[in-house]
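Each in structure tokens, the structures are laid out below.
Paired with subunit B in one complex and with subunit C in the other, subunit A is shared by the two complexes that follow.
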Partner chain A sequence: MVNRTSRLKKIGILVWSILLLFILYCPVLFLVVFGFNASSYALRWEGFSLRWYEKTLENPEMLSALFNSIMVATVSTCFAVVIGFLYALWSHRQQNKKIAAAGDSLMSLPLFMPEIVIAIGLLVVVSQIFRPAASNIGIPLDSMGSIILGHTTLALGYAALVLRNRFKCYDLQQELAAIDLGATPRQVFFRVMLPQLVPGFAAASCLSFAVSLDDFYVSYFLSTGGSSLQTLPIYIWSLQGRRAMTPEINVVSSLLLFIAAFFFAAGLLLSRIDATGKQSGKDHL
Partner chain B sequence: MSETLLSLQSISASMAGREILKSVSMEVRLGEFFSLLGPSGCGKTTLLRIIAGFLQPNQGKLLWCGSDATHLPPQRRDLNLVFQNYALFPHLNVFENVAFGLRMQKLPEDLVVSRVAEALSLVRMNQHARRRVTELSGGQQQRVALARAVAPRPKLVLLDEPLGALDLQLRKEMQWELKTLQRQLGMTFLYVTHDQEEAFAMSDRIAILNAGRLEQVASPEELYSRPASRFVAQFIGTANFIPAEKTSLDHARCLNSNHHFLLHETNAEVLPENYPINGDILVRPEQIILKKKQTEELKSLSGVIQMRQFLGATVRYHVELQGNHKRTLTIDQSSAGHEPIATGEHVSMLIINPSSSFFSESRLT
Partner chain C sequence: MKWWGLPAKIWMSCFILLPFLWLVLLSLQPTAASTSITTFDLHQFSRALTPPYSNIIIDSVAMSFLAALTVLAIAVPVTWSISRMPSKKKNLWLALFTIPLGLNFVVRIYAWFVLFRPEGIFSRALRGFGLDFAFVSSQFGVFVGLIYGYLPIMFLPLYSVFEKMERSQLEAAQDLGASTLQRWWHIIIPETRSGLFASFLFVFVPMLGEYLIPRMIGGGLVATLGTQIEGQFLGSGRPNWPFGAALSICLLVAAAAVLSSSFILLSRQKSEKSARWSIAHLD
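Then we have the complex of A and B:
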């Protein structure tokens, strides 16, 4: 009897799990499947075909949006990681733990703010302050620059938190040991600190990159000023506005999904690697 | 007397308005195993950091081989530290950890390899050169930290409670190893600890630090038999203070009996006309012979057994001193050929030390 009930229980859990996973992943699943659609309509299935993939990958408008997205993500990732690193360094060295904790809260707060609010705020500050200020010193801040600026602020919170966590397993006493053994501050930085932070840098970069790729609101609001710029999510948005929605929208969305998911996964995995390069059991994120 | 390597001259330090070191002066001789011993919070770690160059004293000078090194940066001091928590580099393997100091000196690679091999074989870790330091046990990490400190062949190795994190058995082994290693290398070791036994087991000389003040610098034997203060007497081993009065420069008389003591002539702080002065005589637990009381003996102290503990080699008694000045004394009797005395029995005590230390009441602790 006991065996039977426990087996029933196991089957029940299995069914429930599958159902749960299906609910979680069905939008993504359908999206990917409908990218391989032979039909001319995005929402009607007429058999398997690679036709829309071919068409999409040859579409210059899509390719330029993809290029813009990668460009923006790369540059804003660099900015976010460098600024995030400087923050983490400051926070780790801060003697007063209360100040450090307050800093950490302030850094992570924007992660929970409605993105549309941040986007509108950015629009105001960019059009009222940054753009006039930049043109005053002779640098025109175009929409690419504005979006990079916006994405940097979006990704900064992630980069700072990941690096901050990485620092938590970095013992400052090692630096005294290195100095004691004759290392200059420069050598301490490059030979002791940086090598131990490499997984953190990689994780922070991947997450920042994914955040930037994903973003729609900030890009949408900031792309309008001056010359308009299309990132991949904006291009997808523009596809649904057209009269007949073709499976191309599924294909482009799938592509965005693959790239972003790859970087998110890589970021999460990398953030778990400990200083010696081993996978640690604890999740540091 | 051998050459002086390091000389501290009236070093004072304070942090956040609190005085941590109060005019500490001492000398460390070349080639000796020197310990800095004191209870936690006595300022020994601060002193260590000043010697290493991580902290600057507020006052005083630090002489290195006779020349002023007070403001020399830590990189340029010919000494290496072994940290309490080892502070090994987790991203480097055992070999690279030990090689770190040598690489900073920009030694040629073949010399680095041979020096690292030498240092690792000294601590019997040469088989583990390619291991990650995070895979090592506490004792092994300790050995790597030691090898890392001695590999660049510094004149002085500073050890900051390096055995604190190890269990008792391993700690005893490592004490022996450290002492042997120091002899082999002929290097000067400055060892910081709060553990009196550890300091005694290894040191040639010990400095006792209490509340930022240096109490005494002497060999273990001298610290034990001629402590300079009540604090040292109590901190080193077990101390019995028996009420006495000092009658002249080198004589004291026990107040509870007719005992007379010959004193070390070190504590001559009172002018002759002020005698007698009240105070205490220091008697160590093994310097008293216990006997069951039979008749009233004038020369001996009398007391009542309160507790008996069998400790193996010795039997320890806690005895309440009878007379005007009641105290509880700790007395050790060798367990060989000793006939146990029961709790509650009256005993007479014979003090067998030929000379003693006297501490006047005005200098309580």
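Then we have the complex of A and C:
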């Protein structure tokens, strides 16, 4: 009797899980498959073809969106990882735990604020404070620059968190041993500390890159100031609003899906590797 | 060494704290045309808190609250059973439920929209079964879209909550013959309460400001806090930044209200429980 009800429960959970997975994956699978459509209409299937892939990969508008996305993601990842690393080091060395905790909560603000508020806040300060101030000293702050500022802010929240947690499993013994054996501070930094942190750097970079590629709100609100600049998500958004939908939107979406998901998965997996290179099973996220 | 934390702190102050402060100041400006900070009055807030805007705020809070609760209810059974699997199986299932989190949000919502438009495959199939729902251009559609969009975010936080839970009490209850319902009601839910609240808020807060889902699935027909805020800043009509700023302050206040009320609720229940505990032990 007990066995039968527990088996029923197990089957129930299994059915429920499969149903959920179906609902989660099915729309996206349809979208990717319809990118290989021969038809000129996004919604009618007329056989397999790579026609729209060829067409899309030659479309200058889409290429510039792709270029913008990668450019913005690369620059903001560099900023976020460097600033985040310095912060993690400071927070790790900070003796006063209360000060360190206050710093940590400041850094995690972008993770908890609604994105739309971050985006309009940035729009407001960029157009009313930073852009006038920058042009006063002769630096034009265009859409690209302001989107990079915004993406760095979002990515910094994640990078600081990942690197900060990385330091928690940092092996101080190695550093002390190196000092005992007469290593200079520079040698300790480059030969002992940095190698231990390599997986953390890799994880933080991949996640920052994925956050920047995925972002919609910040790019959407900041791209309209001055010259309008499209990143891939914004380009997809604008295609969706047009009257005639061709399978091109499916192709662009598939490309974005694959690139961003790759970096996201890599970041997540790397954040689970501990200092000795083994899978620790514990998330450092 | 001391200055190493400075760049990050300056960055966050310039691009998170300063914008927040500036939004507060901007929301206190009387007219739409005010671009500089001159005076202080509450005109924008009194406009935001009277109909039709007050109704939109209430609707958005209610809809996000219900949607986040639904997401929690959908995710709990699955996540719980994953957290109790042997570790190899566990990793596979966890990965399957985590991957959608890495799929681009705009793309996922668009993919959903395509299948559930009146001429889409899913809504046609559902009509075949006699289920004729308005999945787009309706409040209901936006509600379902919110659930679909935010479901993947729920799994990881919930999983870590269940994973960390102390198991001994549960095993004792099981040995003593407690039913599933009793175990959930008396042990699992009280034990993981604060984690459940945190996961709920993790979904509720971004839902409250959601713009993309109501705009794309609602087709411009469903007004939410997010679409109203966007309209004041980038809308086709006359932009009104101070009013948009006031609406976003309202959004933050609503989120903070739910957050603090859940804290109060939690701490009260905790003290009640500990009081009962000590009384039981005095006997």
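Methods note: the second predicted complex is superposed on the first by the 264 of 285 C-alpha atoms of A that agree within 3 Å, B and C clash if a C-alpha of one lies under 4 Å from a C-alpha of the other, contacts with A are read in each partner's own complex, and residues count from 1 in each chain.
Just so we're on the same page, a residue touches a chain if its C-beta (ideal position, glycine included) is under 8 Å from a C-beta of that chain, and two chains touch if they have at least 3 such contacts.
Fair warning: this is a prediction, and the values are worked out from it, not measured in the lab.
Annotation for the three-chain superposition on subunit A: subunit B and subunit C fit side by side. Within the superposed three-chain model, A:115 lies in touch with subunit C and out of touch with subunit B [touch as defined at top]. Of the two partner chains placed around the shared chain by superposition, neither subunit B nor subunit C is touched by A:7. Contact with subunit C, but none with subunit B, is seen for A:91 once the two complexes are overlaid on the shared chain. Once the two structures are superposed, subunit B and subunit C can be ranked by residues of subunit A touched, with C on top.
Figure legend note: subunit B and subunit C, brought together by superposition on chain A, show a least Cα distance of 17 Å. In the superposition on chain A, no subunit A position is in contact with subunit B in one complex as well as with subunit C in the other. Remark: subunit B residues 52, 54, 74-75, 79-81, 83, 85, 87-91, 100-101, 104-105, 132, 134, 148, 152 touch subunit A in the complex.
On the side of subunit A, the complex with subunit C involves touching residues 9-10, 13, 16-17, 20-21, 23-28, 30-31, 42-43, 83-84, 86-87, 89-91, 93-94, 103, 106-107, 109-110, 112-118, 120-125, 128-129, 149-150, 152-153, 156, 160, 210, 213-214, 216-217, 221, 224, 233, 236-237, 240, 249, 253, 256-257, 260-261, 264-265, 268, 281, 283. For subunit A in complex with subunit B, the touching residues are 171, 173-174, 176-184, 187, 191-192, 195-196, 274-278.
Put simply, subunit C touches subunit A in their complex at residues 1-2, 4-5, 7-9, 11-12, 14-20, 22-23, 26, 35-36, 74, 77-78, 81, 87, 93, 96-108, 110-115, 119-121, 148, 151-152, 160, 180, 205-206, 208-212, 216, 226, 229-230, 233-234, 241, 244-245, 248, 251-252, 255.
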